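Order of writing sets the chain letters: A, B and C. Residues in each chain are counted from 1.
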Amino acid sequence: MRISLFVTCLADQLWPAAAVGAVEVLRAVGCDVEFDARQTCCGQPAFNTGYRPEACALARRLIEIFESSGADAIVSPSGSCTAMVHHYEQLFEDAGWRARARALAERTHELSSFLVNRLGVEDVGASFPGRLTWHDACHGLRDLGVRDEPRRLLRHVRGAELVELPPASAETCCGFGGTFSVKYPEISVAILDEKVEAIERAGVGAVVSGDAGCLMQIGGRLSRRGSSVRALHLAEVLASRGSSGPHGP
Amino acid sequence: MARSFERNARAALADGQLRGALRDATTLFGERRRAAMATLPDWEGARERARAIKDETLLHLDRYLEQFTANARRAGARVHWAEDAAQACQIIGRIAEEGGARTVVKSKSMASEEIHLNAALAGRGIEPVETDLGEYIIQLAGETPSHIVVPAIHKTKGQIAALFAEKLGIEPSDDAALLTAAARQALRRRFAEAELGVSGVNFAVAETGTIVILENEGNARLTTSLPRTHVALMGIEKVIPRFADLEVFLQLLPRSGTGQVLTAYVSLITGAKRRPADEGPEALEIVVLDNGRSRMLASAVTRGSLACIRCGACLNACPVYRQIGGHAYGSVYPGPIGAVLSPQLFGMARSSELPFASSLCGACRDVCPVKIDIPALLLHLRAQVVHTRVGERRLLERLAFRGYAAVMARPRLFEWVMRAARMLRILPPLGAWTRFRDLRPLAPRSFREEWRTRLRHEAAP
Amino acid sequence: MIRSDDARREILRAIRENLARSSPPDPLSATRRGSSPPDPLSTSWRGGTKGEDRSPSPEGRGGQGVRSRFTEQLAAVGARCTPVCGEADAARAVARILTDAGARRVVGSDAPVVQQLLRALGDGFVVDSVDRVSRDELFRCDAGVTTAQWGIAETGTLVLESGRERSRLLSLVPPVHVALLSPGCICESLGDALARVSPASHAITFITGPSRTSDIELTIVTGVHGPQAVHVLLLEEE
């Protein structure tokens, strides 16, 4: 299968290990992966902050870039960016653009959903020793319905023990919300601390999630609190092959 | 004025006791709601149906309001229409004066707080007495409600005991039953002497002209059956088409709001009493209130706001509300639905911060019994704020997004800027970030650099 | 009221204008999640509570299944249920309820069965009728006795219709409420009850357990403004 990677600007620049891991995992399960370097940002920050014209321009750009790809599917290591692409249709009034947006959305998948639902794969041959817990990123969970897929993938990682946070904690927002995290930092961190406290209580070595934004938020607070718990992207864990854990920063 | 939400939120975050109370209450309501949901076999089906009924009603709101009015009048009620808060207060004030009312007892009505009815009545020398226990507590304390369903959620038993000791002259006690009994005692006399009772309306049935009121305490029943005159205040969006439609709402509202299968009392009042000797008020005066609601019909997105049945489930599910409570929103309608209703009812200028005070997590949309897409509404309002340039000036932000748009349209420029940031070890404006969180250092190589230098050429293992 | 007519015209005009602004139907609502808005009349949702079959039960109203569900739910909402058989049994049950509650002054509704029952109560009680007591006396009495026109099994609810009986204040003001109910009048569900009551009654009241609040630190307290105790007497056939 031919995959075109929708890397997302956040993963590209601030959490490249997630994107590198995604490529390695997709190749490990037999996909050919290509990367169109013209892509930059899906426009979500602009859209979420109320800057619709700017978001529309970037949406049109992304649609055009991926339309020109003959890949079977477009896969992204981000639930929120995938959800943004799925919302593209609502940005346009013009029927032509709406149809093009719809067509792109149908081909665009979040990584864990692609592996489990499209490829039918749950064991990607990963090994990562230690106790880890999963944080359900809001857009992936509520917009895309991604809940079981990452858990199934993690359960097949050799040596990894998946410890669930209490349901109220696992599905609760980490407080990132994009620009919300810097517009209302005190509220963002108040929400975050409940999540972080639940993670610390779980006695795990790592918290894993499918969105780099959440990982920056959670990881940033864990390290500020002097915690030894690491924040890892799902793709990093799934690409991991040895006892030394995943490579990359 | 524009930054008041932020200020209030900070004050709330610093209040450890408030945060503990909010945490306990929202957790408990969440648990109760989930348990109650499980007793309805087709929860999703019920939500779909309830939303479908609301949509049908809103799309023909004029017709259903006229049908309701005709049937209510036929049953002996008087129906008044009020375009705004001032008109509504005028109408009710006049009714009170004409009835020689000196005391008015009130049961829970968010609409009455929206129009500042109590102040209007007091201005005419009429004493409004809140009878819902939570509303009574905050009235005694001179405060505003902090939650739609549990207005005094922010007060501890100790604070209430001290308040009652001061205002009612009782011995302070930490026994909730004793405190409640004191309130019951104090209020019974007021019920008996009041000439006018003002209530809200949960649903208004067009087919029969019936108004429906849900409650647990019994104060709404007393308010609407003892005084000579009953004034029922309702927003235009309260109407539903058929009597039988009540079923799905009676199944959803108590479960969503308080986790009950049904509230202790549901009063279905159709017009005035049929014979003078019958029990009940002599007159039923229904006041139908617009106050900005009709404007929300102008688009499918904003129309969704009018489906709200005021259950409060979104407040209990919201991670932001859980931390800061209702007062910070500075509006009679707080929480997720408040962030959406307040700018639309009271004008964006006053509430321009509210649509941004959300992480867009969507928990509210999940729990809403009538499937209001609150995140979509918040995003719609954010775009409106930015486009109409209301509220704070956001000069830096506008510049930043213009820069962002320019950079993101040019991949080579994007790479260049990021490479520069990497070399200079800088990243924008993030004092707001780094005050509480470490910032992950930029990796030596971005993904696209990794791709170019090695990944592209590596085959699958 | 002339001004109210102006306001009415204005509001209706505003509604129509704003609705017109939003048609033709917003493409968003049609394509949201790929589904079109459901037609409420065609929705296959069938209400009812878990464990309840929505098709009319073979025993009809008042059948054993419906009865036991009703008594179960009554208990769940904090009301108490006593089956009684015949007037003497009923009178004994009421006397016991009142004595246990320390209630001496009892007021009954205008329903003949209530009046008869209270006459049979015996000494130790001061009995009166709602037709004769003043409002002050109503506030001073210890218990109100009425019938209920319907019961709802799904929720443990009593349904009172003002057109059938003067029970509105008696079921509200005194701290103890005793309601007589025929098992044959127990409906299965809210939907059934709504189909049976008549809005010709200007006040229909659904009563589900005692008056309650959790406004003080979420502690549940009963008997706030309405009765603290609700007792149901199921009048069996002899």
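Keep in mind that, in the parts below, a residue touches a chain if its C-beta (ideal position, glycine included) is under 8 Å from a C-beta of that chain, and two chains touch if they have at least 3 such contacts.
The model shown is predicted, which means the values in this text are computed figures rather than measured ones.
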item: By mean Cα position, the chain sitting nearest the middle; value: B
item: Chain pair that, of all pairs, has the most C-beta pairs in contact; value: B-C
item: From chain A, the most remote chain by mean C-alpha position; value: C
item: Between chain C and chain B, distance of the C-alpha-averaged centres to the nearest whole Å; value: 27
item: Between chain C and chain A, distance of the C-alpha-averaged centres to the nearest whole Å; value: 51
item: Approximate Å spacing (C-alpha centroids) for the pair chain A, chain B; value: 33
item: Residues of chain C touching at least two other chains; value: 28
item: Touching residues (chain side chain A, partner chain B) in the complex; value: 7, 9, 11-17, 19-20, 23-24, 27-28, 30-32, 35, 37-41, 43, 45-52, 54, 57-58, 61, 138-139, 142-143, 168, 171-173, 175-178, 180-192, 194, 216-217, 219-221, 223-224, 248-249
item: Interfacial residue positions of chain B with respect to chain A in the complex; value: 6, 9-10, 13, 19, 27, 30, 319-320, 322-324, 356-363, 365-366, 379, 382-387, 397, 401-402, 404-405, 407-409, 411, 414, 418, 429-430, 432-433, 435-448, 450-452, 455-456, 458-461
item: Chain B-facing residues of chain C, complex; value: 1, 3-5, 7-8, 10-12, 14-16, 18-19, 21-22, 25-26, 28-29, 32, 37-40, 43-50, 52, 73, 76-77, 135-136, 139, 154-155, 157, 162-163, 166, 168-169, 172-173, 189-191, 194-195, 197, 199-219, 221, 223-227
item: Chain B residues within the chain C interface of the complex; value: 21, 24-25, 28, 38-42, 45-46, 48-49, 52-53, 55-56, 59, 61-62, 65-66, 69, 75-76, 79-83, 87, 91, 131-134, 137, 150-153, 156-157, 160, 176-177, 179-181, 183-184, 187-188, 191-192, 205, 208-210, 216-219, 221-222, 225-226, 236, 243-244, 246-248, 250-251, 258, 261-274, 278-280, 288, 290, 294-301, 303, 373
